[in-house]
Structure formats: structure tokens, C-alpha cells
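The structure that follows is given in the form of C-alpha cells.
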Amino acid sequence: MRSVLILAVFFALLIVFGAALAPHDPNALNIPKRLSPPSTEFLLGTDALGRDVLSRLLHGARWSLGLAFVVSLISLAIGTCAGLIAAQGGKIADWVMMRVTDTFLAFPELVAAVVIAGLLGAGTWSLIFALSLTGWMRFARVARGTGLSVKTRGYVVQAQLAGMPAWSIARWHYLPALLPSLTVVWTGAFARAILGISALGFLGFGVQPPNPEWGSMLLDARVHMRSTPLLMIWPGLVVVTCVLAINLSGDALRDAIAKDA
Amino acid sequence: MLTVDTIAVKRGSKLALQNIAFTLAAGKTLAVVGESGAGKSTLIAAILGFLKPIQGQIAWSGQPVRSCRPALVMQEPRAAFNPVLPLRRSVLEPVVAAGQSVPEARIKRLCDGLEIKEEILERRPNEVSIGQAQRVGILRALIAAPPLVLFDEPLSALDAVTQKHTARLIRDLQAEEGFAALIVTHDLGYAVAHSDEIAVLRAGQIEEISTPQQFVTAPKAGYCQALRDAAIALGGLEAAA
Amino acid sequence: MSKTLFGLLLRTLVVLAGTAFLTFALLWNAPGDPAAAIAMARFDALLSQEVIDQVREEVGLNTSFWPAFWSWLGPLLCFDFGNSAVTGRPVWPDLWGAMTYTFPLAFAGLMIGLGVALPLAIFAAKRPGRLSDRIAVAIASLGAAIPAYWLGLLLILLFAVQLGWLPAMGARTPAHAILPALTLGLGVAASLTRIIRSGILEARGQAFLPAIQRRGVPEAAIGRDHIAPHAAIPVITVFGLELAFLLEGAVLVEVIFGRPGLGTFLVSAIAARDFPQVQAVVLLTALVFVVSNLIIDLLYRLIDPRIGERDA
């Protein structure tokens, strides 16, 4: 739990304050110095329009990480509600809810996201919509499973017998039981959202230029692969680092929970 | 008074209980005995309204049982408490739900009667012994002074010494509080020693309802007699016989 | 058993119907005037309202939702995906043509993935917790974090641009398929390694194994008869998951490498707002996923009969 917390705080700081650390305006054009190699002025070099790559990467955190954060939280909310409805609503609600989940799961995530984002028209909102709509199912499955097991536990029966209000039972009995497993799923969802946002950006369906999103930076850099290969290395490296860090802390959290149980 | 009027209860597609009928008056204790799978837990679930009977009625003085705020003491003492909260929070749930103020004096008196220190209520379930947890479970059951308390194998998780002790505490508290007690158990010795009436449950039906005296001296021929003889052979009925 | 099998088939059928409905509803509710977009794509010019209305009627966009849905679903059951809204040609032959590029690529990716993952997982599971295991797991974790499109670009950079060994773009010769298949395969290998490894470890943790070993059964026989079947269940599960990964990975890889196939087909169909084509691709991928999951569920029951009895 602690490693995830530290990581979440670090990413939050990066999202909020990353832009403030940028040495240059991420959109300031500097054509004479286009495609320049790393130097003391431009630590990671400049892109095809002479914009500072480091500044664009730092500003990009707001898009790539920030949007992924929003997407993963929306998925969490939708999935948890769906899962708890399935767990609590009786046999028919459960069956219907799980078939709806199966149906959404049947579409490969990225294919569905590309189609949705592409048809809604490229842009931030359609990106959030597309990735949330394709990312909630794992939360639903886990929330349902945990919900079903919590439902029959002694303390929940006792709380119902005592006549505790439903919100109180949800807050004090369900939430602590759901939190660890949902956090593990959330780390996975966060990592996948980062990959999804950059993939859509790379395909041109995501965040639109001139906003500095990592995937679309990669798309820009691709054209200059022969002359300036470094330009293509940086955004990818940042994506891999973030995803790897999230995945590893998610693994650590899962192992810690497994040891607890 | 608890009235169970010829109910039948289904579990899944199977008939788990049928033709169950008895009454239980305030201050009295009914022990329901039977082997595992006889339908004891189903009976408790039905009385508490977690399962709806497909036939017959269950009522507390003409009202639905849940309206009298009955309490339940569970078989697994620790599982009855939320593992992440201090015991006190769980104990106070019946009081909080009823919108009453915290009865400090009553908690103290019940703790004395149950021979537990009030401080252990600040601990979490895995920080107390099983025996302590079970007594805290009884405390929670009694805190809002319910007229009806159900005990689901209340002693089976405890060791022999603690069992005897806890059984006596329940008996003493009942004398003091005057609640009606329904005790589900497979322990015949306990049923004989601490109840006013014994109902023998077998395969979802009641074989016989009798006083402990009758049960020991002149059980109905067949299953009940075999049950008594087995218990005597195992030394479980020495005290009563 | 027959009852749960019936339940399984019913579930599959409901999910298939659900995917068809979702696919249609999504495209039906897409913003903008699809008829205008189609007319634009077809005639490549700004058009009068009459022409647009004519197009609308022609492609069946002038009715309400349900009639349109039913008239779309009927032919679909005979694998008739309708005609392309843009070219007017039937969708199915073009789609089939795209699939002949994608499926071999996905298969090659899977084989490369297995070829890398199986030895790596066995190597890792030999001494769990030791350095060799940690290194293998670290490689797998790193692999899982690398996005396919970046890996593809790196491979192009290394093998096509710097070394000049392999062609990068297009699909003219078999050599053109090497880099795309490698991109796809390495991604698959990353997740396969982890799952096969934990499958082996779990199977080896079975309570009865020490007893068999003590009886002197040779290691190789134990591995074949007792560990492999237990490790097979998670591996089969993963094949279901990998299939989705392969399909969406193929979409990206095709775009990166400029290969024809489902991915390029889909992206150009979206750009042209060619609804029948988009519907066909989406539905096809979902169909592949659902049917393969059904097969996997049936395989489970073959390997471990207890599974069928458990989930009633």
C-alpha cells in the first residue's frame, strides 16, 4: 500500500508541478534551432519546430498522466458500481450485469477505443469517454467477487441485523474489504490508460497538437527517425518508465495482500 | 413470544425445513439440537428473516421478528467483527442504529457480568482471544436489551473450560435480563443442562420437543433415543443423567 | 453437466447478441451526419442537400434505430456485412483480404511469443527467487511496459535504419513481415512468460508431488504427467487474453509498418466514416474473442472435469 501511495504522490506532483519545472515554453517555436541535439540550453534537444523536448515532456505529464488518472478513476467508479449491483442485486441483476460486462470485454480494448475516439472526433473528451468505456470491466469483476464474499461475512450480517443504514455498511464494512483489491486493479488500469492515451495519440486520435502529449510527440518524431533518432527515444522512455513503475508497485501491493490473507 | 407456525423453507431447489412449529416465551430457553445438515442454521436464517419461508408464519408477538430487533451470537466469534475496526464500534452498532445514546453504565455492567475488561473493546478482533471475542459477541448481542437472542453454536469454537464458563454466563445474564433464548447446538450435554425445552431436528423436520428431563429419561423411541444413548456413551450427559 | 453446458452456450449467445447491439448502437449514435460524411468521401466535394439525402436513403440511414438494426442483423447472420458506404462494394471480400494479412501476422507473433516465453519461463521457474529468476521476471516486466508502437519504431530504427538488414515499410516480401511479427511476438512473450512461470510454480506446489517423487518416479515423467496439466489451465486462460492482445497489437503494428490488414482497414474506414466497414471489423474482432473464449471454456472442462461441476 505504501509503495503505491508514494508513487501516486510522485505522479500527482509531476502532473501538478511538472510544467513549472520546464525550462522553456513547450510551444515556443525556434525554427533556426530545429532538430538540434542535446545541449546546455536544450537538455534533450529540440523537435522539428525547434521546441524544447524536455519542456514538452514535462508539460506532457499533465496530458498523458493526468488524463490517464482521470480515466482510471472514472473506470473505477463505473466498474465498482456495476460490480456491487451484481453482488447485491440478486440473481437476475447479477446475471444481467455480468453478461453486460462480458459483452464489453469482448471488444479488444484498444480497437474499441480507437473506434469510439475516431468516430466521436479526435479530442480530449472523446479520449476520456473512449478509454473509460473500455476500461471498467476488470473493476466490475473484482468488485463483484469481493462484494459477494463480504456479503456473507459475519460482521455484515450483524450490521444488517442491527439495522445499520446501507451507506454506513457500505462505508465501514464493504469499503475496507474492497480497497486493497480495487487498488491493485487500479494500478493496472492506470498503466493501461497511459498506454492507451499514448497509443491513441500515436494514431492521431488522441490529444491534438500542439498540446504536448507523449504519444503524439512520438508520432511527430517518427518522420525524423533517420536524421534525429533521439527525438523518438525520449517520449517512449518516459512512457515505459511510468508504466513500469506503476506495474511494479501494483505487483508489490498484490504480493503484500496475498501474504496478509 | 416467538411463534413459528408450521413453516417450510427452501434452500436452492431443496426443501431444507418443513413442518416446523414451536413457540418460545420471554425468559425461556429453547435448545435446537441435531447433526450438521439437519437445518439448524437455516432455521436461524428463517427466524431472522434472511430466508423467506415458502409456507407458514414466523412472528414475534404478532409482529415481524425483525421489528423486535433480535440479536444473534455467531459460531465464529472473530468473523462476527469487522477486522479493521476496534471491537467497540461493532459492539455499539445496535445502539447507533437505533439512534440511542451510548449506555456506558450498561456496558460496564455487562462487561462485569461477562468477566471481560472494558479496555479490550478498544482492540481489533485479531488482538483478543477466541473466548474473549465470543464474550464480546454476547455483549454486542445484549447491548440494546433485545427481547430475543439467537445463539448459533455459541460454544463450538471455544475450548472445554471456556465452554462451561461461557454457558454459565449466558444463563446468568438471561436470568437478569429476561430475554428469550434460542440456542442451536449439536452439543446435547449443553442443551440438557441449560435449556427449558429441547427440540430435536433431523433432516429438516422436528422429531420431538420435550423438557430436558423427558429427553434424558424417556426420549421418543427411534432417533431421539439413539441420540441420547450415543451421548451417554460418550459421557456428554453425565451431569444430567 | 449438460445444464452448465447449456448455460455456457446461452451466455455466449447473449454476449454475441450484446456485441452486435453495442456495435450498431455506437455507430448509430456517433455525432455528425454520417450521410454527409459518406457523400463527402464518395464524391470528394461539398454537396447539395439533395445528394446527401439520396445517399442517406441509399445506405439505409433514413429509418429509425430498430428497423435499421433488424435489417442490418438479418444478413449479418449469413456473414453478409453489407456494402461499403463509400465504394459500394461488398464489405466481406475486402475484409477477408485484410484478414489474410492480419491472421498470419498474429500467428507468427504468437509463435515468436511462445518461442521466447516458454524457455524463459522454464529457466526462471527452475530456481524461483534466485538471480536467474529475478532477471527473467525483470525482462518480462520491462517487456510488458514497452508499448508496441515504440518497440516497433525501435526495431525499425535498429534493423532497418541503422543496420539496413531488413525492410521496414510495406508487405511486398516475406522479409517485410519479420519486424512486425517480432514487435508483436516480443509483446506477447512478456505477459506469457509471467503466466507460464507462475503456472509452473503453482503446479509444482501441489501437495501430492513430494509423495510421487519419493516413490522414485523420474523427473521427466513427473513434469509431463503432473506438472504440465496443472500449468496448462492458466496457460489456456492466457491464450484467451493474448488473443485480444494480438488483435489490437496487430492493429497498431500494421499502422506503424504500413502493412495492409485489419488495422489499416479499420483506421481508413474510421477516417472515411464508412460505417459498414467499421462495424464489420469491430464485430469480427469481438466474434473471434467470444468464440475463442467459448472454446477455452470447453477445453477447461476437458482437462479438469471439476470445473464444469463447480460453476453451476
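In this document, chain identifiers A, B and C correspond to the written order of the chains, with residue numbering beginning at 1 in each.
We take it that contacts are C-beta pairs under 8 Å (C-beta built on N, C-alpha and C of every residue); 3 or more make two chains touch, one makes a residue touch a chain.
It should be emphasised that the depicted structure is a prediction, and the values quoted were computed from it without experimental measurement.
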Middle chain, criterion being Cα centroid separation: A
Farthest-lying chain, centroid of Cα atoms versus that of chain B: C
Mean-CA-position distance for chain B and chain A (Å): 50
Chain centre separation (chain A, chain C; CA means) in Å: 21
Interchain centroid distance [CA atoms averaged], chain B/chain C, Å: 56
Contact footprint of chain C on chain A as seen in their complex: 99-100, 102-112, 114-116, 118-121, 191, 195, 198-199, 202-203, 205, 215, 218, 222, 225-226, 229, 232, 236, 239-240, 243-244, 247-248, 251
Complex contact set, residues of chain B against chain A: 48, 50, 66, 69-72, 74, 76, 79-82, 84-85, 89-90, 93-94, 96-98, 140, 144
Residues on chain C engaged by chain A in the complex (per definition of touch): 11, 14-15, 18-19, 22, 26-27, 30-32, 141-142, 144-150, 153-154, 156-157, 161, 244-245, 247-248, 251-252, 255, 266-267, 270-271, 273, 278, 281-282, 285-286, 289-290
Touch list for chain A against partner chain B, complex: 153-155, 157-159, 161-165, 172-173, 176
